[in-house]
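Please find the structures below.
Note that chain A is present in both complexes that follow, paired respectively with chain B and with chain C.
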Partner chain A sequence: MTRRPVDTGDPDRLYTVTGGRSRADDSFDLVALVVSECEPTAGMQSEHLRILELCRHPTAVVEVAAELRLPITVVRILLSDLLAMGRITVRHPQMAQSAASLPHSALLKEVLRGLHNL
Partner chain B sequence: MSVPAPPSQHRQRKAPRKLPTVPLVVLVASTVAAGAAAASAPAAARGWALTTALIGWLWVSVTVVVSALTLRRVRRSSVGQSTENANLEAQLAKQAAETAHLVNATLPAVAKRLHDGATVTEALANVPSPSDPQLRQVAETFCSLLEQAVQEAAALDAERHEARQERARASEELERLTAKTLPSVVAKLHDGGTADTVLAELDLPKTPLLRAPVESFVRELAHSERRAAAAQAASAKALSRVQAKAVSMLADLRDMQERHSEEVFGDLLKLDHSTSQLGLMTDRLALLMGGRTSRAWNKPIVMESILRGAVGRIAAYQRVRLHCSTNAAVSGFAAEGVMHLLAELMDNAANFSPPIDEVHVYVEERSAGLVVTIEDSGLKMADAAMRHAEQAVAGRVRDLASLQGTRLGLAVVGRLAVKYGISVNFRPSSRGGTGVVVLLPPQLLAQQRDSAPRDPARRPTAAAPTPGPAPVRESASTDRPDPATDRTAGRPEHPEQSARRRTEDSTPNGLPVRAPGHTMAEAERERLQRSGTADGTEKDRARDALADRRATARDAGSTFGAFHRGRRSGSGGTSDTPADPGPLEAE
Partner chain C sequence: MGSTISELPSRRTPLADAADTGLKIVIVGGFGVGKTTLVRSVSEIRPLNTEELMTQAGVGVDETTAVAAKTTTTVAFDFGRISLNERMVLYLFGAPGQERFWFLWDRLFSGTLGAVVLVDTRRMNDSWYAIDRLEHHKTPFVVAVNRFDDAAGHSLDEIRQALALPDHVPLIDCDARVRSSGKDVLITLVDYLYTQAMAQETTP
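Right after this comes the complex of A and B.
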């Protein structure tokens, strides 16, 4: 009956998942930890449901993307939706002071150059 | 046929007998008078008187005799004439009677006999022939003319009868041809019979006038059917190549969307959308041409994915709002058809509503099946347009000739609706536009056991918000009383069911058979579980193994693996943020 390989993927295209958006705000770092703030409710998009389910424990954005098998950009858009609705909170990996305490990248590059010149 | 008696001729015979008495009386009287005169005369004059009396008497007697003789002669001639007159009258009367008899009796009788088929001599032999030769000739001439006329009339009558029979036969054949033969011929030709086979099976009309047109009709129709079929097959084949190309493009695009960074992501989505629309168009044409859809699914597709897959194929997908809270799934064999059908209807709704208005799609679960309502807020359809649309989606008109221009979508909807038993109805929408109600019958929906194994992994709480649908589907799946046990390996089955399944799950050669809607792997696993051993410990162990696998779905290793996978696919998107230490940490 099947004269050709059957499709195994999902029929949904990514633009239908994001509603046509292709740009996410950059507020989500790859390793930012996401925590869901409420239980899933009826009528939500299935990806939102899965994110909320997944993020009962703090989960990194990349991890969410891998679990959902979706590109990181799409996950960021979905997460920004949830964040706007207040259903999740995001904890960025580096605090302001830790970022300040780290050496500046220009300094590191100079060090690298110096090492090369040795 | 009695002949009138001739009139009597003895009436005037006695008259001449009396005639001689008068002269005799005159003679006697004159004699007496002469004697008396002679006797009375004086003696002197006696001689003179006697002479005178004698002379006078002689004169008188001569006169009397002459006159008497003359009278007698005249009388005699008069009697002869009257006798002749009477004879002639009698003859005339006889002739008149004969003529009357001829006209009133003989000729009708002869005519009747001739009509009954007698010849002239036979007919004339049985009737009294008139004595008059002229009348006889008249009768004979009349008879021969009448016989000729009768023969001609008989010939004409036979001819007319024959013609009428022929006409009746021809009209009967024509009627049979029109009512029975030609429809069956058309059906046979439509089913792919060639002209020769159809003509061989056909009982052709005997009338040559009908036979020739029927033959040429059949050949011409066969030719055009073959032409149409060839054109359809060629276009279906060509379209299938386009379809395959579109599908592989979609797969490539999906792959690129994973690999490439955010800069090109939007462009890739645009290409993806265009390719999806292309897929809808080629699928539409392919379905009309008797081909197949470009994709086929081997697993149940949840309703949300169905709707998204449908909406992703139309141009104005951003105007379509999906309201779907059910977790029902459409069986794999029908998923693509349902998706295409919904895409066509959504496309229609979006095209016929103002570009700023939204199209709303609702899904609700009913005992009769799954109801999908597509409502736009455009203009109300005119009655005629709605009737036309209803007719198109009813799928009764399967002829390509009825297609009009670019409005092919509804015809495809009709075909799909007939194929899968989906009912599609148009009604005025409460939003002001038109609403389309699509009822997906329960046999198209996946049973609980099909969708259940996917749910714990993908959507653990999906069933929680909508507990309503579950009992409905359970009642629909009559032979699966307990979905919870189906999910695991231990399958309590009725003996006859398990026997049936065992015969079905592998071919006589031992190859596994995949049930519709199952992946090969699932089928194989089920087969092993069922046919491995029948004892409970094996089943229990398999069930435990499966349960363990689910329970440890998110252990530390899988978390790390997921992190790694996500990091790899997302690296392109974040490499441009130099202050971000994330990449350094993950490397």
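Right after this comes the complex of A and C.
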């Protein structure tokens, strides 16, 4: 897979992208699905613009990170900004907070059906 | 502005607009064991690659200085996805089994349905650590033996003993290059999870 290490290897760039903040918002699970609630407009920060473009259809946080070639932490910060401005909504996974507890059998049954249909 | 937009890859296959439930399964294993191959064989998209930051000290991202810190390193992993139906989408993550990766486990993989430990019989020791860590994180898992052509023909029983795997943990053969085989591995895992969930739901 092609990588551009320059994006992540350069702390200055990350600093610029996130406005100097470093606290990641863990409420964005890797597989939370992000949906744009508005069109990108001129003058927006380019990363915000790209996220709004990507998320016209539901897009997982991890896919946003891969497409933008930015670390997860940085993407979580960008998404927090957009969420605070009401420009995206987030469809949270049911499982996110229950690390050690077992998922409901009904959910697993649906997963099994989907896999069998592959 | 214009150049930013034209950089967007056009080959993306978007999810259904009704998609609302993301799920994850993690494939863990040592270097070159076939993680990416397995993800590719079952994924509906070409595997994508991404990364997370961690400090050299190895305890995740330092709250005060992380992003700008010179000591920040990255841990890379790849993933693919399977749309199970209009609403549910399963993400498969290929995770390197090395030590520093486990510091990021909770940040990245909390809430995972379960894990597949991919084993290469020529380097069985690599699997020990992964199994130990998964037990520590209370993540249910199955073990899949990726048979390489030049590997000695250990039986599954021998492998179970060598890994000190409890009887209840499913252990199966697979060929990560073959889609139907990768699919069987996933079904084995979810079947196992389903059985566990049923047992838990029926015992008060």
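Note that in this section the second predicted complex is superposed on the first by the 82 of 118 C-alpha atoms of A that agree within 3 Å, B and C clash if a C-alpha of one lies under 4 Å from a C-alpha of the other, contacts with A are read in each partner's own complex, and residues count from 1 in each chain.
What we mean here is this: contacts are C-beta pairs under 8 Å (C-beta built on N, C-alpha and C of every residue); 3 or more make two chains touch, one makes a residue touch a chain.
Since this is a predicted model, take the numbers as computed values, not measurements.
Peer 1: Where does A:49 make contact in the superposed view: on chain B (first), on chain C (second), on both, or on neither?
Peer 2: After superposing on A, A:49 lies in contact with both chain B and chain C.
Peer 1: So which one touches more of the residues on chain A, chain B or chain C?
Peer 2: Comparing touch counts on chain A for chain B and chain C gives C.
Peer 1: Per the contact definition in the header, classify A:33: touching chain B only (first), chain C only (second), both, or neither.
Peer 2: The answer is second: A:33 touches chain C but not chain B.
Peer 1: Look at A:91 in the shared chain and tell me whether it touches chain B only, chain C only, both, or neither; answer first, second, both or neither.
Peer 2: A:91: touches chain C, not chain B.
Peer 1: Is A:41 touching anything from chain B or chain C once the two structures are fitted on A? First, second, both or neither.
Peer 2: After superposing on A, A:41 lies in contact with chain B but is clear of chain C.
Peer 1: I'd like to know which partner A:105 touches here: chain B for first, chain C for second, both or neither.
Peer 2: Both chain B and chain C are touched by A:105.
Peer 1: Which partner chains sit in contact with A:73 here, chain B, chain C, both or neither? Use first/second/both/neither.
Peer 2: Touch partners of A:73: chain B and chain C.
Peer 1: When the two structures are overlaid on chain A, which partner does A:118 contact: first (chain B), second (chain C), both, or neither?
Peer 2: In the superposition, A:118 contacts chain C only.
Peer 1: Touching chain B in one complex and chain C in the other: list those residues of chain A.
Peer 2: 8-9, 11-12, 14-15, 18, 20, 22-24, 26, 29-31, 42, 46, 49-50, 53, 60, 62-63, 65-67, 71-73, 93-94, 99, 102, 105.
Peer 1: Would you pull the chain C residues touching chain A in the complex into a rising list?
Peer 2: 1, 4-5, 7-9, 12, 14-17, 19-24, 42, 47-53, 61-70, 72, 74, 76, 78-79, 81-85, 88-91, 93, 106-113, 137-138, 140, 183, 186-187, 190-191, 193-194, 196-198, 200-201
Peer 1: Can you list the residues on chain A that touch chain B in the complex?
Peer 2: 2, 4, 6-20, 22-24, 26, 29-31, 39-43, 45-46, 49-50, 53, 60-67, 71-73, 93-94, 99, 102, 105
Peer 1: For chain A, which residues count as touching chain C in their complex?
Peer 2: Within the complex, chain A contacts chain C at residues 1, 3, 8-9, 11-12, 14-15, 18, 20-24, 26, 29-33, 42, 46, 49-50, 53-54, 56-60, 62-63, 65-67, 69, 71-74, 91, 93-100, 102-105, 108-118.
Peer 1: Which bits of chain B are touching chain A when the two form their complex?
Peer 2: 244, 247, 250-251, 254, 257-258, 262, 265-266, 269, 272-273, 276, 295-299, 301-302, 304-306, 308-309, 311-312, 317-318, 323-325, 332, 335-336, 339, 458-462, 464-466, 519, 559, 561-567, 569-570, 573-574, 577-583, 585-586
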